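Order of writing sets the labels: A, B, C, D and E. Residues in every chain begin at 1.
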C-alpha cells in the first residue's frame, strides 16, 4: 500500500518538474530562467553546507572544492563517456534521444555526487580532529588544494578550462535536485537520528557520552554535504557549458558560508538567503560598476541588522 | 552609598532579576545570599556595567555626589570607585602577578600613590609578594583569590563587590579570606558580598539580603537573618 | 530574519521584472568591470565606448543612435553567461561585444550562437572561441599565429637557440601562447631549457627567476599580461639576468614601461599595431583616446575599439539589424582598416592580420618588424 | 649557491607575511575574530603610500623627510581606517556569534576591494621608488640588495617594537588582559573598547608598513593586491598558533621560505597547494598551531 | 557481583598524575557515593569510566569487558550513562529533543529509511517520542518539553540531564555533583528522585557529591578519594569515623553550601 503510494508520489514529482520545465522554458524570459537556475544551484549548495556548518557546527570553508570535484567529474563523464553511452542507448537499445540524455545526465549527477562525497570523506577524516577556526582554515586549504590539483590536470583542460560541456541543466533537473537535497537533508535533521548532528553542535562531549559516535557523524555530515555540493557543481557545469578553476576559489566557498550564516540555522533560512544573495547582484546591475560596492555594503548592512536580533537573545 | 531601585534584567525572554532593590551604606558589609541561579552574579554584573538592565536605577554616591551607574562602561564605574572581585577570580592567567596588580591601577596616574597601594596589597597578602614574577595562571586557587582581591584594591575603590570569594577553596583558606575581608572593611571600605556559604557570610556581614529566583525575599540585619527560621531551613540546612 | 529575507527576495524579483523601452539600437557589451581582471575589462569598455561615441556623432548606425549596454561579469565565466543572456533576452541587443578573456568568451559565446546574435570578441585568442559557431567572430589574431611569430622572430631574427618560458598558469591566454611558442621554437630547432610558472596577481617572482637564471638561457619568453611583466623584468634584472625578454600582445600597455622601467629596455613583444605607426587611423585614435580618458590606450582598448568599428562596419554593409544579415556581413569583412591593422575575417571567423614586433627602447615602444600571416 | 639565493628571497618575502600575520594574530587575540579585511588594509597602505608619494613628488626629489612622511602618513591613515572599521562594523557585533562578525569582515573586505577598484581604478600603478635599489652584496651567483635587507631589518625592528609595546607598556598589558577576558578587564578598570581600538590601530599600522615595504621591492600596486598575501598571512598566523605573536612571526617565515622553495625547485603551480599542505600537516600534528596553547578540555 | 571495576588505574597528564593506582568497584544494584576534597580526582575517575580519557595504566571492566580502549559512545552502548558537573545539555534544542536524541543507540533504522521515511521509520519514531515523554513525565518535566533546554531554571536543568542519561537506559548511572548549587528543599527532592531511579528502574548508581547530607542520606557505601588515591571505603557510618577521612576531609569545617 504504502510503497505504491510512494511510487505514485515519485511519478507525480517527476511529472510536476517535467511540466514545470516545459512551462517555464516556453513562457519565462531565459534571463530570469538563468537566474532561477543559479538561485536553485545556490540553494542546493547552501542547504548542503547548512548540514555541515549550521547543524553539525563544523565550520567548513571548503565547499567550493567539493563543488569543483562534482563539476569536473560530471563534465568529464558527459563529455568523454557520454557520447559512447549515447550511441549505445540510441543504437543498441533504441532509446529516443530524450531518454538517452536523461540517463546520461542522471548518471553524471550521481557520479559527481559520489566523487565529491569521496573527496569529502578523504578530507573529513583527518581534518575533523580540528576545531573552530582551525577547522575552517584547514578545510579552506583543502578546497584550494583540490582546485590547484584540477588546475594541473590536462585531461580536464587545466588552465585553459574545460570546454564543450553539453548543456543538460534545466528546470526539471534543477527542481529534482533541489527537492532531493531538501528532502534528504530535511528528513535527516528532523529525525531522531538526525538530531545527533545538532547534539554534536551543542556539546560534542555530551553527545558522545549519549552514545553518538561523533566522528562518524561529523564525517557523515561532511560526506553528505560534499555529495550535494558535487551535485550542485555538476548542475553548474552543465548550465554554463564551460568550466574554469577560477570559479571555485575560496571566495566562492565564502559566498556559500555567507548564505548559511545570513539564513540562520534553519534550512528555509539558508535557502532564502541563497536566493536573496543570487538575486542581489542582478538587481544591482542598475548600478553598473558600482554594484559590487553596493553588494558588499548590503552584505554588511544585513549582518548588522541581524546583530540586533542576536543582541536580544 | 549604593542604592538600587527596582532593577529588572533579562536574558532574551528569561527574566533574571525581577525588580531588585537594595542598598549599601558607607562602611557596611552587606551580603547577598541565595542558591545557584537566583541571580546574584547577574546583579553584580549589572552594577559593574557588564550587563545593561531593562529598567530600574543604580545610584552611587561618593562625597555627596550622586551619580547613576546606568549606561556606564565598566571602566568608568571603576573610576568612580566601585570595583569587583569577579566570580571564578578571573585573574589574567597569562600575565604575571605584578602585571595583574599593575593593571588593577590602570586608571590611576600618580605613580607614587600606586606604589603605596602596591605596598599595602603586599602587606595584606605577603604570599603574593613571594610570587610577584610568577604567571597568575600558575598560582593555587587561594592565591588567585588573594590576587583578585588585591587587584581590585589597586583601583582604590570605595565600594568593593565580591562574587563568591569562597568558591572552590579549602575551608582553612576560606577563613583567611574572610578575615581579610573584615580587615579591609575596618579600614573604611564598603563591601557587597555575594555568597552561597550563608553561614560564614551571615557571621561576617552587617546586613543581608536573600535572593530567590530574581527577587529579594528577605532582608535585615545579618544576625537577625541568621536566626530566622525560614533562612535556617532554606540556607543553613539546620 | 527569515521573513525579512523572504520579503527581500520577493521585492528583488519584482524590481527585476520592470524594464524600459526605447527606440535606439542596442548593442551589448559584457566585460570584467570588477574582479581580478577588471583592468582589462575597463580598458576594453573605454575603447568600445569611444568607438560608438564617434559613430553616434556621425549620425549613428543606419540612422539610429546606438545605445551601449555594458554588463559586468565579475571576471567569472558563469556570470559572463548570465550577462550575455540578459543582454540578448532582456535587452534584446542586436549584437554582442566581448569578452577579453577566452575563458569568459567560451561561456558567453554559446548563448549568442543559440540565439543567432552575432558576437565579436576583441581579444580572446583561444582558437576554440570562434569554433563555437558561425555567429562568433574575433578581431585579434589567435594564439597559434602569435606564438609562431614570436618563435620565428626569436630563432631567425634574434638568432636565439636556448630560451626559457615563464608562463602565467592561471591564465588561459598565457598557457596557450606558451604552448604554441614552444611548439614552433622546437620545430625550428631551438631548445626550451626551462619552463617556470607564476599566477596572475603575483608580485614575487624571484624564486622562479633564480631557477631560470641558473639554467642560463639566452632569453626568456614571458607570455603574460602587462600587469605582471614589469615586475618580472625588474626582478630578473635585479638577480642579474641580462638577456632580452620576449612577450606577446599582453604586454601592450604604458604600464609595462612604467613599471618595468629600465629593466624592459631592449625587450621585444608582438602586437597588433605599433603606436608610432604614422597612419592617421592610428594617430587619430590615440589622440581622441587621450583626449577622452587622459591616458594612453593599451591593447585591450585598441582591440575593443576595433571590434566595435568592425561590427559597425558590418551593420552598415548589411543595412539591417537582423542577426543573420549582420553575421553575413561580418563574415565578408575584408581589409577593414582598423587601428590594430588591416582586418580580414577568414572562413573560421578569425581575423587574419599582420602582427608587428615591437622593441622597447629608451622608454618608448618602437616598431621593429612586421610579420604577415 | 642557488639555494642560498632562494633562502634570501624566502626570508625577505616571509618577513612581509610575518608583518601581516601579526595584525591577524593581535586582532584575533583581543576579539577572537579573523579580521578578513586585514589583507585589504595592507593594500590600502600601499595605495596611500602611492598617492602620498605622488602628491609629494617623492619620485622626483626623494629626500629623507619626504620618504619618512610617505611612510608615516600612510601608516597613520591605515591605522585610522582600521579603527574605523572596528568601530562601525565589528563593535555592533561584539555580542553576536563569532561567525556573524567573521562574515561582516568578509563584507568589509569585499567593500575595500571593490571600492578600491572604483576609487583607485583597477589598473596597476607604479609605486615610485622611494629608495633606489642598490646591490650591496654579491658573491658568485648570490645577490642581495639594499631593499631586501631593509625589508628584513625594518620588519625585525617593527616586530621588536611591537613585542616591547605588548610586553612592557601598560597598554600592552591591557591588551593581554583584554585577550584573556573582556569582562575581567573591564572590571579592573581597563577601557576595553579603547584597548581594542588600539589593537586595530597597531595591527593596521603593521599591515600598512608591510604594504609599503612590499611596494618598495615590487613596485606595483592595485586594489586586489591584498587578497592573496592576506590569505597567506592568515594561514601563517594559524600555522604559528593564532593569538600568539611569536607564532605569527615563525609562521610567516615558514610560509615565505617554503613558498619560495616550492616555486624555485618544484613549480609555482603547486605553491599555494603546498602552503596549505604544510598548514594541514602541522595542524594535524599540533591542532592549535606550532606555538598555540593546547590543553586537555576541561570537563 | 561486580558491575564496574577499576583495577590499578593510573592517569597522568604530562607530568601530573591525576589518578594513581586506583582500585574501585561498583556492585550490581548498589547506590555508591564517591567523595573527597576539591581536586581529589573524582571527576577524572568519571571521565576514565566513560571513556573520555584512556587510563595510562591499569584497566577498567564493566560486566567483565574492558572499557579502557573504548570510545565514550561505545561505553554508553554497554550501559553506562552519566551527568556532568557543570551541566552540559544540548542548550539550543528542546527539552524533548534532548531526551529523544539520547535514545540514539536504540535506533535500528538505517540512513535510507530515515531519509525515505518508510513506515518502519515512523513506527520507530513514535516509539522514541513515547519513551521520551514517559521519561520526562517520570522526572516531572512534562510541562517543559517544548522549551529550549538553556531556558530552564537551574534545578530543572539538572533533572533534565538525569532524564537524558536515563534515556540511554543504563545499567549504571554516574552522577557528578547532582546537588551542587541547590537549596535544601531542592536537595531533598533530588534525593528522593535518585532513590526512585535506583529502586524503580533498577539502575546501579555511582554518585559524586560534596554535600555530606546527601551522601550519607542515600548511599549504601561510600568511597573516599584524596590526591587521586582511594583512602577509605565502607558504609557511611564507618567512613565518618575513619581517621584518614577525618584528616583529609571531614576534619575541615564542613559547611552547607
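The definition used in the following text is that contacts are C-beta pairs under 8 Å (C-beta built on N, C-alpha and C of every residue); 3 or more make two chains touch, one makes a residue touch a chain.
Please read these numbers as outputs of a predicted model, since none were measured by experiment.
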item: Number of steps on the shortest touching-chain route linking chain A and chain D; value: 1
item: Farthest chain (mean CA position) relative to chain D; value: E
item: Taking each chain's C-alpha mean as its centre, the one farthest from chain B; value: C
item: Chain A-chain B separation of Cα centroids, rounded to whole Å; value: 53
item: Centroid spacing, where centroids are CA-atom means, of chain C and chain E in whole angstrom; value: 71
item: Centre-of-Cα separation between chain E and chain A, whole angstrom; value: 42
item: Computed distance of Cα centres, chain E from chain B, in Å; value: 34
item: Junction residues of chain B, two or more chains touched; value: 12
item: Of all residues in chain A, the ones touching two or more other chains; value: 151, 205, 262, 289, 292, 306
item: Residues of chain D engaged with two or more neighbouring chains; value: 114, 117, 269, 272, 299
item: Sites on chain A touched by chain E in the complex; value: 2, 6, 183-184, 187-188, 191-196, 198-199, 202-203, 205-214
item: Parts of chain E lying in touch with chain B, wherever the complex brings them together; value: 37-38, 151, 153-155, 180-186, 213, 252-257
item: Touching residues on chain B, where the partner in the complex is chain D; value: 45, 48-50, 73-75, 78-79, 83-84, 86, 90-95, 99, 102-104, 106-107, 151-152, 154-155
item: Touch list for chain D against partner chain B, complex; value: 170, 173-174, 176-177, 179-181, 183-193
item: Chain A to chain C touching residues, read off their complex; value: 29-32, 34-35, 38, 151, 158-161, 163, 167, 236, 239-247, 262-264, 266, 268-269, 272-273, 275-276, 279-283, 285, 288-289, 291-292, 305-306, 309
